[in-house]
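Starting off with a structure, shown below.
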Amino acid sequence: MSDLIRVAVLGASGRMGAQTCAAVEAADGLQLVARLGRGDAPGAGTLAGADVAVDFTVPSVTEANVHALLDAGVHAVVGTTGWDDASRGRVTEHLGRVNAERAAAGLGGLGVLIAPNFGLSAVLAMTFAAKAARYFESAEVVELHHPNKVDAPSGTARHTAAAIARARAEAGLGPSPDATESGWEARGADVDGVRVHAVRLRGLVAHEEILFGNEGEQLVIRQDSFDRASFMPGVVLAVRSVGSRPGLTVGLEHVLDLS
Amino acid sequence: MSDLIRVAVLGASGRMGAQTCAAVEAADGLQLVARLGRGDAPGAGTLAGADVAVDFTVPSVTEANVHALLDAGVHAVVGTTGWDDASRGRVTEHLGRVNAERAAAGLGGLGVLIAPNFGLSAVLAMTFAAKAARYFESAEVVELHHPNKVDAPSGTARHTAAAIARARAEAGLGPSPDATESGWEARGADVDGVRVHAVRLRGLVAHEEILFGNEGEQLVIRQDSFDRASFMPGVVLAVRSVGSRPGLTVGLEHVLDLS
Amino acid sequence: MSDLIRVAVLGASGRMGAQTCAAVEAADGLQLVARLGRGDAPGAGTLAGADVAVDFTVPSVTEANVHALLDAGVHAVVGTTGWDDASRGRVTEHLGRVNAERAAAGLGGLGVLIAPNFGLSAVLAMTFAAKAARYFESAEVVELHHPNKVDAPSGTARHTAAAIARARAEAGLGPSPDATESGWEARGADVDGVRVHAVRLRGLVAHEEILFGNEGEQLVIRQDSFDRASFMPGVVLAVRSVGSRPGLTVGLEHVLDLS
Amino acid sequence: MSDLIRVAVLGASGRMGAQTCAAVEAADGLQLVARLGRGDAPGAGTLAGADVAVDFTVPSVTEANVHALLDAGVHAVVGTTGWDDASRGRVTEHLGRVNAERAAAGLGGLGVLIAPNFGLSAVLAMTFAAKAARYFESAEVVELHHPNKVDAPSGTARHTAAAIARARAEAGLGPSPDATESGWEARGADVDGVRVHAVRLRGLVAHEEILFGNEGEQLVIRQDSFDRASFMPGVVLAVRSVGSRPGLTVGLEHVLDLS
């Protein structure tokens, strides 16, 4: 990969794809070389020499796209949802094969980065929460969203609570103290022993607040996503990082430098 | 009542009573004239000429105390819990009788002020929430307490949600918008159609956050009670006000000047 | 005014004017009858029988527009800035004249409502802050805006602080306690004795947080304006109310029912 | 050091020292073996075989205490303020000498841990802020304290802002965007280019809020210290960790596991 990273965008006419095109064009060191729309199959012809491709398409085609990108020798950044253990496993297997061939040919390995969330504030909030969890007696999560959301609690809040629960278990902490005898319906959902509350309010977009408490102190990590534009710094960071991370990476947090 | 208000404290050796004695002694225009402990029956002898008595005793004796105070011609401020419609009705009836006699004798009427909460921030938060409610499409309540609390949601949060629900109904508003299809256990308790969430966290004391939302805007009213000391400005205000409010008043908000 | 309120919008092609047109069309009981653009003088011909006109034009023409509306017998709601004591005085004088004539003719008086801020959350925050101020030892204001704002602190924060200062003075409160000896540059601007802090942060729009403190308790009133859309409920409320408030009214808070 | 850590407390009759004694006695695996008060010189006789000593004395004696502890072969945890480069340098030099002798004798090295702040929430907030700083266009700090504090902004807020500034510089970020033309006095103190605001409010203790913003998103890390009790988990953690960190360590963050 040269110093200038050539980027193709798959799903370029969708909302996220269009924003990605604009973000790539505005970013130092990135060059937008191809916009692929609905009918455009990713291949040598359509990818126009791209080093990295960003996939914001739909669940039904995203896996096939990634395999085509690997065949074309292009790193992939994937924001499309719908991935599961099986589809990730097939990509890992494909990466193993193609990167062995590349190694034999003296080429660096290809990388695939699948990120459920490109929001830096959301990813950092989750990461910090997992790190803080072992140091506090109590932990709870409150997520707040617009009232058109159909599921509760949000996926981000579930992941955060699960990560907190794992960190507490590793540190030998039991459940957060709770003397509640009546009114459990006000105490939120139980995600691996961590209470998660979902607020729905007109005017909000997507927000998460993680509360930790010890005797005499509190730590609150709050994250607000006001606009889809907030995902672009994370997409650009992923595009810049994927070339130096051969193999499959799941989660933007792995390309953040938090040392 | 002279310019200097003479105050007796019932339950003076309890935590709230002791703080009340100190607060009365520190307040301009108030004079502490009597401290009544567990065995002291309120009467002409023990009340030492008090104009106002503050009752921080226990549910089993507070009503009898108030009747004794009325018989002694003393205004009453009551912070003890345990009052219900029946006990309040008997006090109203007693007040009617005694104030008729006092009017006939050319005396001003006696007042009784029963306050479930003397925290100015809590009472103001509740009052403002009720006033704001009609102007917002969405409203939810989050209360946060120490983890030793046995009931959820808190009485204050219940009262707040009920007041919001009343105001919404009066303004012809339906329920807050909510597209939730799954995960209702994360959506809090339903208090008259208003969602109430209860967080329990070591390090906290008693806190309430009321959230209102419209398209593009949010109003949040938050109240923190860190310490029992916070009740004293409300107690002093009640002592100063009760003499000019003949009859029964329930709730500190009625003696606040919010015009 | 019939049950259906006929509305004209001046400055209909501007951002606020266009949103107002859409909001009027969507509101029950309101009918959009005229959109006036830059070259359209408000008069019998262009106003198309409007009962109420909303002015979102520019400072240089807004006063002339209001006088023309009064001559045409139309109530006015004004969101344009640039009004001062002199221009408000001339409108008051004109209202006096025209409403005397209307009274003689058996007609109800015309109303003009000038609002510096139509955001319900902003107006309520300011109003509640003024009411709460007398009950707290300490008060400070923090406003937060996008980093392109050229002035600090915001006009809303200045008004809020001034209202708090007035309420404290009326209640006989001195300045908030403050032992600061060094580092005054961190203590914010002094607005009539109330400290006001201005935060500038990419991603934010317009937000205000008002903090009140007593021994052991805190009351926080926070207001978030995420989007210009948030002004529309206030504009619609003003349109509905102006017909029943003859004379000049300055500030949306006067048409809110906060009893 | 055996499995049970024997602990001496210097300054045991002060507020922090007394709390430390209680916390040590309550902690699993720690045994309180000595309480040294004002006239007690730390030495073989008074330290009663302690493995670790905690110093909560006064600036005028804390350095001499540490040297005496090193001479006695005891690890030191220091919460007393007043350390500067010179006094830390002398301790480093002493540690070098004594640990060389110990190594020659086949003994593990001694450790000294000086912590300006034992509050886990404060230390974590500062640490996370430094890690997050490189990922956001804007950063500001708001600290809130009781009104008896004489200096502004707080040392913790200064340290936080300085750490943010360092991280931004390392990442090649310029100053946060700021179009302010008038009203700079509301924009807080400038600490290495990061704006820091200090709120003083009756009822508060010690709190810090760190705000980060990008287009369309915000990350807020907030920390509340309600009570001195909150320092004890950090003190206990330091006591448990100091024996495995030979040499001088400054800052509790270095003994936290944040990998």
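The first chain written gets the first letter, and so on, giving A, B, C and D; residue counts start at 1 in each chain.
Keep in mind that, in the parts below, a contact is a pair of C-beta atoms (placed from the backbone, for glycine too) under 8 Å apart; a residue touches a chain by one contact, two chains touch by 3 or more.
Small disclaimer: the values here were computed from a predicted structure and weren't measured.
A.B. asks: Give the chains in contact with both chain A and chain C, ordered by label.
C.D. replies: B, D
A.B. asks: So using the touch definition from the top, which pair is joined by more C-beta contacts, A-B or B-D?
C.D. replies: A-B
A.B. asks: Based on mean C-alpha positions, I'd like to know which chain lies farthest from chain D.
C.D. replies: The chain farthest from chain D, judged by C-alpha centres, is C.
A.B. asks: Please compute the C-alpha centroid of chain A, do the same for chain D, then give the distance between them in whole Å.
C.D. replies: Taking the average C-alpha coordinate of chain A and of chain D, the gap between them is 34 Å.
A.B. asks: Give, as an integer number of Å, the spacing between the C-alpha centres of chain B and chain A.
C.D. replies: Taking the average C-alpha coordinate of chain A and of chain B, the gap between them is 48 Å.
A.B. asks: Determine the centre-to-centre distance between chain B and chain D, using the mean Cα coordinates as centres, and give it in whole Å.
C.D. replies: Their C-alpha centroids are separated by 42 Å.
A.B. asks: Give the residues of chain A that touch two or more other chains, as numbers and ranges in rising order.
C.D. replies: 136, 203, 212, 214-218, 224, 226, 230
A.B. asks: Spell out the residues on chain C that touch chain D in their complex, using ranges where they run on.
C.D. replies: Residue positions touching the partner: 136-138, 140, 142, 144, 147-153, 176-190, 195-204, 211-218.
A.B. asks: With touch defined as at the start, can you tell me which chain C residues reach chain B in the complex?
C.D. replies: On the chain C side, the touching residues are 119-122, 124-125, 128, 131-132, 134-136, 212, 214-233, 237, 256-258.
A.B. asks: Under the definition above, what is the set of chain A residues touching chain C in their complex?
C.D. replies: Result: residues 203, 205, 224, 226, 230 of chain A touch chain C.
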